[in-house]
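You will see two complexes here that share chain A, one where it goes with chain B and one where it goes with chain C.
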Partner chain A sequence: MSHSEPIEKNCVGPDAEYVKLISSDQKEFLVKRTHAETYSKTIKQILSGPTNCSEGETNQIEFSQISSKVLEIICNYIEYKAQCEIIMEKGEEIPEFDIPLEEATDVMMAASFLQC
Partner chain B sequence: MHLYSLPSDVFLVIRRKKTTIFTDCKDSATVLELKKIVEGITKIPPADQRLYTTNSAIMEDSKTLQDYGFNATTSKAQNPTSIGLTFKLSSGEFEDLELCPYSTPPELPDVMKSQDANGQEQAS
Partner chain C sequence: MYSGNLEMAVRDAKWRQLELVINNILNSKSVSLPNWLQSFESIYHLSVQEDEDFLRKKVIVTLERFVKQLSKGHLSSTSLETLLSTYSTLWCQYRENCNCMRPLLLYMDNLDVNGKTALGSFQKLELKAWQTELLQPMAADIVRLLISKILTNQRDEIDNTSIQIMREVGFSFERAFQISGGNQAYRENFEMPFLEGMSECYRKESSEIKVEELGAVKYVEKALAMIQANIDLTSRILNEGLVEEVKSAFVQHYFTDKKDWVLSECDQMVAEERNNELESLYKFLKYIPNYDFEELKSNFKNLVEKNLIASITNLKGQDVHMKFINNLLECHIKYRNMIREIFDDDNSFVTVLDKVFVRAMKKNTMKEANIPLTSAEMLARYCDSILREKDMPDNIKVFQELSYSFKTVFPYIYESDVFEKFYAQLMSGRLIQNSVRSMEPEEEMVKLLQQECGSEYAKKLTTMLTDNKLSSDLTNEFTQTNVIGIKFTIKVSTNAVWPMSDKNVLKFTPPNVIENVMHQFEKFYLRKHNDHKLTWMHHFSPCELWINIYEKRYIATMNTFLLAILLLFQDRDQISFNEVNTFLNTDENTLARHVAILVDSKFLKSDTKEVSAASTFKFNAGYKNKKTIVIIPAASKRVTLKENSKIIKTVEADRKGFLQTVIVRVMKKQKEMCHNDLIAEVISKTEGRFSASASMIKKEIESLIEREYLSRKPDNKNVYLYIA
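Take a look at the complex of A and B:
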């Protein structure tokens, strides 16, 4: 599955902590860069791969196939995984992560693309 | 590597028009601290920001997130609380709170539908 990666204006500096994920309908989602790279191998590869240094500089990735609703769920999941690690360290029970049925198949496709 | 050591983290989603920022902070953090996080991302100074709770109430800088009812129980990572954000316009007025709703995904083309079935079989 190919994905487009247009070059946007720079948002380095204070932005560097967050990475911007853009959905097919131009909605922007910012998540902490460390979380995104840890829990999505694809995002990590895009940001750190030698052929895609424009993304590494601009901290923006555009997903022309993923809608905003699905991307929101993905971002929620990334944050949820980050929180789960801390909970597991403490040995407590991990809360469930619910996905609405209408989005489930789209979320699965996006998840397999993003490897998260 | 872990950034959080206290159990009282609240997970927030800050929304303004087409932008959504996923972030978290402690429930003892003040609204001003949250605005500083937003400043780091949007480069708009806290003085030109306004944060709104889910009831569209304007949040005061001096209050903490706890004061507005945000705590670890209500704001979990998998279900974060939404906070609205508006900026001050050049006229001195603040923009209206406007959250673009997310779109529904488009209908899957047939080719992808069959791929889906395979994916689900492999997952189970």
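Take a look at the complex of A and C:
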């Protein structure tokens, strides 16, 4: 999922609103930082490491092991989880999240790595 | 084999990548984001693809190697002086770096499903490494240095950086040992050697102080200052428990061991009331555990006793009760304040004070101090004097002061029933003589007495006050609706409530003037309450007689009987005893007594020295008195004292009744009781009201057996049974 806001503004500096997730085949995905940290413990741990980016650097993580297809699904999942919260507060039903079978195993490994 | 080697190669590569990152962090070198991310991937691979122990063992080795290198490198090359600060710096840095590394270790924990419970979390590994490789070998040295640094800091100025260093050192021990070895290890390796070292130093230092040269007072001050400084310092460095233990060690050597020597000057300090020194002494002694200030308390007791007895001995005069109570209060306030200011308002000292006062108020002490009245009576008279005084402007203040005095003194009086009797007597006197300055304090006092003496007693007093108010209403109504001819007020009192008896009423024929009003009032009153019976108490009724035959007009106040006698002289100058009696128609002794009073007052002259049936009396034409208003009292001083002994007899009779009631109540509940138990129970129930002796109680038991309320058990004479 990409957003209409310009990339530079939102990923720059330690207080950026979004993080950039880069897959092994160099595709970039933007996710809201708060969501990413909430639903993936690993991403949170990574971002709290000793290498917080200073002003001017972009908040990005390169996953050399995860393909773009899988990464896309992961990002969608994160968004999905965030939406669920809002829906649950309203008291409505949660839609299901489907994962295409071909990617399932890869998604599982990535999910285990990312703890989400 | 080939695939096995490939796997191993992958594994080692991953490990090397991770190892590099870890080492960089430990050495405070920066790690780029890609590397950081890769370390996560490595961890993932190693945890999931390999067996658990591999990663764990590798991490442990890395940490240990790093710490060992630290210890060999920096620490062994520093001198002892800078050892502590170097250690502290290294520790702080290590801690910070480990914090940075935490996400990695956390991740390892999260992935490590099996080993968490058995082998401890990865996060603790860093502390364990620190403990085993660095701290343990150097522990003794560091403790020793810490101790000496604390002591120098106590002596000299407190240096903030030093404090920081010491705190970090202590903290490092706490974290390192507690996390990896538990409390036991921490205590053994740090707290115990630390405490022993400190204690030893205190012992040595305190024995080096030349106490005799310094003197007790100065030593106390010095010790107090030192312990405060000690606590201040240690609480900034050590944890609470340790601070307490260090304080105990200090107290042991500087305070407890020197206690006896310090107390040697105690007697003098107290006797001379050197308050500042006593305050410090008290604070000093308070630190010593399990000590209850025996010497101080006994000296204090002696001081209070001496001064109290001195202030109340040999008091004389009309207002002996005022002097007594006032001196008592002064003494009490002084020493209570002393306790408050010097002895930290310590309750055990207040108990000592109370005991002294209680003993002072007992009969024997009063006798020895040459005081004519009992303390109970004096308190009652004191209240009476206050409630009579006409000059005080503020009612509330009067009551508050009286209430304070009463509440302070009353608990010390051991015969509260005597007090009750006297108070009732005096109050009735005030009401009848119209000497009450204001009803408000009277009513408030009754409320106060209700709390202290019970509601039954207070009800009596309240009825008296009500009667008084009703009487003034009656007077108004009567005088407005009837023509009387003389100024008249009436007071009607309920019998059995007021402390007057209608048994010794004077029987005589009152003068016409009075008799007419008596009849009128009786008609008026009985119309209202036709079932009441009225008895006239002439001996209490003051009459005002205006004597106009002299140059100066005199206004004489006397009771009705005396008035009756004097009025006979309205139309004659001389009259004989028997003639008087024909008019008055009364008993000869009573008449003689009253005529004697008139002779004493100089209004009459008698031709015989002693007034008797053979005497004749003349009205004194030459009567002169400086005062215009003359009061002829119906009773002489001797009679007042006889009244007092009457009161005491009434009290004794009351006590017998009270004892019997208590005995019956106790036996009714218990049904069966042996002699000693019964005596003990009765004594406890009369405590405070009066002190009942075993023989008194025995007498009443006998009387109750005669009246068949109790009986003795047939086979055991010592046991009593209740007869329903």
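The definition used in the following text is that the second predicted complex is superposed on the first by the 94 of 116 C-alpha atoms of A that agree within 3 Å, B and C clash if a C-alpha of one lies under 4 Å from a C-alpha of the other, contacts with A are read in each partner's own complex, and residues count from 1 in each chain.
The rule is simple: a contact is a pair of C-beta atoms (placed from the backbone, for glycine too) under 8 Å apart; a residue touches a chain by one contact, two chains touch by 3 or more.
The structure displayed is predicted, hence computed values, not measured ones.
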Based on the superposition on chain A, does the combination of chain B and chain C result in a clash or a fit? fit
With the two structures laid over each other on chain A, which partner does A:76 touch: chain B (first), chain C (second), both, or neither? first
Determine, under the contact definition given at the top, whether A:27 touches first (chain B), second (chain C), both, or neither. first
First, second, both or neither for A:62, with chain B first and chain C second: second
Looking at the overlay, what does A:112 touch: chain B (first), chain C (second), both, or neither? both
Chain B versus chain C, judged by how many residues of chain A each one touches: B
Working from the superposed arrangement, determine the closest approach of chain B to chain C, counting only CA atoms, in whole Å. 7
Can you pull the chain A residues that chain B and chain C both touch? 112
Sites on chain A touched by chain C in the complex: 41-42, 45-46, 48-51, 53, 60-65, 112-113, 115
Chain A touches which residues of chain B in the complex? 1-4, 7, 9, 11, 18-24, 39-41, 43, 76-80, 100, 102-106, 108, 112, 115-116, 119-120, 123
Contact footprint of chain B on chain A as seen in their complex: 14-15, 17-18, 23-32, 34, 67-70, 72, 75-80, 82-86, 89-90, 95-98, 102-103, 105-106, 108-109, 112
Per the contact definition, I'd like the list of chain C residues that touch chain A in the complex. 25, 30-34, 36-38, 40-41, 44, 48, 100-101, 103-104, 106-107, 110
